[in-house]
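Here chain A shows up in two complexes: once beside chain B, once beside chain C.
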Partner chain A sequence: MPEDFSLADDLLRQLMSVGEVDLLVGLSAQTPGSTIGHAVEAIEQSVRQYFVRDRVVIVNVSDGVKGEAGASEADNGNQAAKSVRSPGITSLRTIHRVSADFSNPPSAGIALRTILSAADLLRARACAVVSPATFNITPESIANLLQPIYREKFDFAAPLYTRHKFQGLLARNLLYPMSRAVFGWGIRELYSDEWGFSGRLATFCLNQNVWNEEAIHARPEAWMAISAMSSDYRCCQAFLGEKSQAAKGAGTDIVEALRQTVGTLFWCLETQPGLWLEIDKPREVPTFGPAHDLTLEPSELDRHRIFEMFRSGVTELEPVLHSILAPETHAEIKNMVSLEEGKFRYRTDVWVRTLYDFAASYHHAVIHRNHLIQALAPLYRGMTHSFLVEHADSSPAEMEAANEMLCNEFELQKPYLRERWKTKVEVKS
Partner chain B sequence: MALQRDNRWYKDAVIYQLHVRTFSDSNADGIGDFAGLTQRLDYLQELGITAIWLLPFYPSPLRDDGYDIADYTSVHASYGSLEDFKTFLTAAHSRGIRVIIEMVMNHTSDQHPWFKEARSSRENPKRDWYVWSETDTKYQGVPIVFVDTESSNWAWDATSKAYYWHRFFSHQPDLNFDNPAVFEAMWEVMKFWLEMGVDGFRLDAVAFLVEREGTLCENLPETHAIIRELRKRLEISYPGTLLLAEANQWPADVRAYFGDGDEFQAAFHFPLMPRMFMAVKLEDRKPIIEILDQTPEIPDSCQWFIFLRNHDELTLEMVTDVERDYMYDEYAMDKTMRINRGIRRRLAPMMNNDRRRIELLNGLLMSMPGTPIVYYGDEIGMGDNIYLGDRNGVRTPMQWSGRLNAGFSWADPERLYAPVISNAVYGYQAVNVEAQERSDHSLLRWMKSLIQVRNAFRVFSRGTIQFLSPSNHRVLAYVREYNGETVLVVNNLSSTAQAVDLDVQRYKGYVPIEMFGRNLFPRFGGGPYVLTLGPYQFYWFQLRRL
Partner chain C sequence: MRETILQGLEQVYSNLGRMIAEFLPRFLVMLIIIAIGLLVALILKQILRAVLRLTKLDRVSEAAGATNVLRMAHLPPMTEVLSRSFFWVTWLCFILVGLSVLNISSLQEQISRLLRFLPEVLVAILVLFLGVAIANFLSRAALLAAVNAGHASARILSWAIRFVILILAISMALEELGLARQTVISAFSIVFGATMLGLALAFGLGGQDLARKVLERYLGTSKKQKEKEPEPL
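Right after this comes the complex of A and B.
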């Protein structure tokens, strides 16, 4: 562990008082001012219903909300804690709550590192991280995350949600199929605000020399998932239910979202090539609950605006794309840009090659990596436009079939990625 | 050492519970008796206990361990004679030890002359001493206590061709307290023993004395009226006589039996006991704090009686289903160890013979608010025999020495009322009084010093309790205060060493004196007081301004 990180004395004191635990739930709210009261209530309810005998600690690494989670359930005089108790249901043990005090909201990386440190110190057997700001936490969903780790001995549990069919497009069209093809594990929600992990995975991740990497700061969970997959930890998916309204509206800044997610994905490819280059067939990921659940509300997205942003972005970034994309891919895209909106379709084979070109160029550092990720934004918009058009009336089954085809395309073209990864394409200026 | 004249003696008592049958056999018939018990009184005096609670010793067919009484004013022949009892009573009193006996008011044996007369004909004057009915449909919905053996609270009497009411076994007909003659008869019985000098009664099954249609026939106002009348008479004629309620209920429900200080002076705190066991297993103070938080205040003259183990199963009636399952899984994995809704094991085996845990639990027992009861044999860590059936596994002969029959009896071993424990760990050759008296560090010696310290400070028996809330939940800490005496008790409930910060700001400047060694610890400053405790270790500190 690098020397520049240490747990605050106050937190350390709190952890000392807790001692060894079976379960640890970390609360990581990245939204300043978000409240965690309902989350704490749901976690405690979950403990009473599903883990009544077990030693549990809730670690709050949200900023400025110590009062809500900084005392243990059974403390004398803690009326707030008592008031959330349901009649007739009680845990046998004290449900401990500790709070890490941060003057400013900690980055996701710092928050996770704090939670992992607590898990390691307390020798937690199963852990979960949840974000009260983006998720309707229920006692069942907490249990769904923890049970596979605690009872079934998995090391990593990625979440699955009920999704609106046009929600989570970045995951559906890029992150899931690409990571599945590359790393060989079909984890649908590689980037999420909720996930579960074992104590031994926590210790493993904590001891990796990555914590000062920029890619870890914003979205460390994907790195953790990929670390778990690549190091032969047992991975699974667990169905949690619906994302909150806040989450549905989130992620409008696509450039930032790409930087946080695709940036980390590419960084993982870059830092762990030995783990994926030779993998051909994806492995089945055990899933607890339904593998996917789509609702069919119509899209509220403005397709025409998305198309215009695609066209103008590609035109503006022509020289940049020229340096990133293989000539054939670039030519296909230029051809697509010239089409009228009604005739435009971003073919899946081109989309896959686009991403593989970007990944290889990230590896070869053909331009500054931040700029490279930024340049993906208009292309992603083009893909999104095509997706909205194609699936305006699709049923969940049709969408699932299409997604499976996309995944197959990524897998089919993986040799292309390998080739591009190994050989830098010289672009003629 | 004569008895102290104090009508509230029960508040300061340390009680030793025993069955005369189990303790010492003087006539080599294989059954303990009063003469044998009398011979062992020096042992009990040295142990430091101040009262003996005797299980039923009345003539009885013994179909319910003596709670089926066939004669209220005599002694079962196996245990000796009335004269033997009187000798025992006098000898106990001369050692400063009081005697509490059982009084089963709710029912008699069907072999009691009262019942024999009552069933002999419908016209018999004793007929109305019991509860009869032409049908078995009265008092529908009243729970059956012994569901394993009884299917109804009514039993058919073929002689008088009617049903009689029984809340317990069908051979234990309930007395009819709506008939004033019954109450007067019971009062005469009590006077009989009081005149002899007994110091108190444990009233068995008090909740069930009266029946009323449309109720559960439990805890009825008429029952409380009977208790109040009894207490009034005792206060007038025999002041200082203890009335101890056996009511296996939640403290809030038992509270009614204290009345305004005009009913029982004492009642068992049943729910605390399993929670002490639970807290040690869970390594968390929560169960104890929770139940004491739910325990209502009682009148100043009254007292809770607390215990770890007794002659019955470790009852799990007063716990939730989740808690009961946990207790079973942790303390009675072998289903043979379970009976009714409880666990038929002794303290030491339940603690896996871990001396530290046995000491911790006894430390809790002696420092919690209430009058502690030590079950015979637990002071030396006796084991049990779960294969003896019913609760007999915790009622085996007292282990006095490594000699024949554990020094309990000179009878042939086959003649003993029950076999002595003889396994390698808990057998009488490994665990006995004689051996432990020879060792300075035996459990028995330790128990004596524990009781000695307890007896030396009234704060334990009469003081208030205030829990501290250190962030370490493996540590249970509380302050007891009484008339200027202050004691701080700190218990590590866990199997590993613990550090704890205690908020003792209120006692800034006080010096804690460890009460067993009388060693001074560093004075309390203004900030948190840091203590470290080894596994299952506990401290009792007297806090003094020095």
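Right after this comes the complex of A and C.
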């Protein structure tokens, strides 16, 4: 549903009293804000340590929910910030705090639009978005996001994290290799809770007529990164340390994750075909800090259940997959399903063709697009199972080499995507 | 005698001549109306087809699953179906108007009955078509949701949803046509009630364990299952 958007009078008043700033850090409110105090503390420490002479504003996009003590989360954050003591390190400038309160929790798209509007109004030179849900946010990680923009004149800074080797498999096996092959920029974390951008990119994105699109509402960051790439803004990656585990234990809805990320990626393909159809070789993205860092602790994952969900999904969704996949790809997958669990491997070439078939079918709208993304879940589980078995004992270097091979496979088969994109395969029902 | 026969023949001949003289211009007018109707219908068909292509109706139809229904019925895409239907409806109207010019009373009565019945037929077809499209969409949505939630009988659930919606659509279409109204309503009530009762009995008596497992799954263990999968992002 389209949402009308305009900055509230109270927020405008606060912004006008701030004046121009050099740096803006936005806190997007998507989860209960119990760590807002910690996040504000980390931002202020970061400013005191790394940006002593610069004018800074913190914009907190809050749902205005009152806490137990009757104070809103923003108030709690401000109180927490006031109690911070950093002996010997003080900013020469006032660190302004602005709160954008919404009566209902705003979507990620609305939160980002508010932050971009504030950045545009205050003529901020470098900005960062930080999620209050990230409990392990540090002053260094915030500085790592802001410095490439502020000092090195980059326009977009994507984060890099230390991850467990079996964490972020959707990013590793799908989002990173596919976006690298298609859009020509190797950004590993297109979907993240933290990222940095320049004031001019903020203004550019703010003026795009996409804010009522459903794909932008849930995960706008990938669209922002792709917009930066497509318009020749300078992009980089910055290492932030360990990936936040705040959501651990809550479980992850894979279908929802696919809808938010793959759905947005396909939507970006659909809306910007002129950008990627002609690109052949990917460009290097400058990286500040290590490009990848994996940890190897043992993990308890139910591989058998993942395989069973893949097998039953492919069998039950046969007519749906028939209308999405090319006949050859579908036949290959059906052959794989008939194998025993121990012998099953999802070959990388079949995986790549699977995704390209899905992207082309999304473009041709062969079925409702939401259904199409949902139909990918069992196949993603199949790839996950294959990955877990293959890399049970792999070292980080071996995993990185395998990931590079997957990226190459995506690039090698890009003509297949072009061909399927331009010519529709007629499916007989 | 002979004169009487000749007079009779003359009468018949003059009557026939007069009837032909009266009928022929009307027949010609009818042919002209039908020919003009054909031309108008063809032009309107081309205009409608162009407009529908501009609005990308086929894409919307594909996304909603309506094109799949058409494919199953060996029909062309939505744009073509609508433009061809419009052509035939327009031309049929002109043909009926042309026939009415002939001034044949029994024919006129049949035409007016047909004209009265035509909207009901069109509405019934539309109801049936929408019913099939909705049944396809909802059954696929249920199938995907059930498969991704790990339910064992996803296809049965999907099929049951399709069946119920199709029965409802067929009943509505037949009722619109006024065919055996009471029988259709009774049949629908019986089929629907029997299905629900059967499901209730099967689930309540025969599937106590299954019911317990389903409830456990929804209320307690689904979180644990999610945890056993790696974090995607």
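By our rule, the second predicted complex is superposed on the first by the 398 of 429 C-alpha atoms of A that agree within 3 Å, B and C clash if a C-alpha of one lies under 4 Å from a C-alpha of the other, contacts with A are read in each partner's own complex, and residues count from 1 in each chain.
Simple rule for what comes next: contacts are C-beta pairs under 8 Å (C-beta built on N, C-alpha and C of every residue); 3 or more make two chains touch, one makes a residue touch a chain.
Keep in mind that what you see is a predicted model, and the values were worked out from it rather than measured.
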| item | value |
| --- | --- |
| First (chain B), second (chain C), both or neither touched by A:Gln374 | second |
| Chain B versus chain C as contact partner of A:His96, first or second or both or neither | first |
| Which superposed partner A:Gln14 touches (first chain B, second chain C, both, neither) | first |
| First (chain B), second (chain C), both or neither touched by A:Ala257 | second |
| Which of chain B and chain C A:Asp302 touches, first, second, both or neither | second |
| First (chain B), second (chain C), both or neither touched by A:Val320 | second |
| Comparison of chain B and chain C by chain A residues contacted | C |
| Chain C - residues contacting chain A, complex | 59, 62-65, 68, 71-72, 137, 140-141, 143-148, 150, 152, 154-155, 222-233 |
| Interface residues, chain A side, partner chain B - complex | 13-14, 16-19, 52-53, 55, 72, 74-77, 88, 90, 92-94, 96 |
| Contact footprint of chain A on chain B as seen in their complex | 278, 282-287, 289-290, 293, 320, 322-323, 326, 467, 469-474, 494, 496, 498-501 |
| Touch list for chain A against partner chain C, complex | 166-171, 191, 247-255, 257-258, 261, 299-302, 305-306, 309, 312-313, 316-317, 320, 323, 364-369, 371, 374-375, 377-378, 380-381, 384, 388, 427-429 |
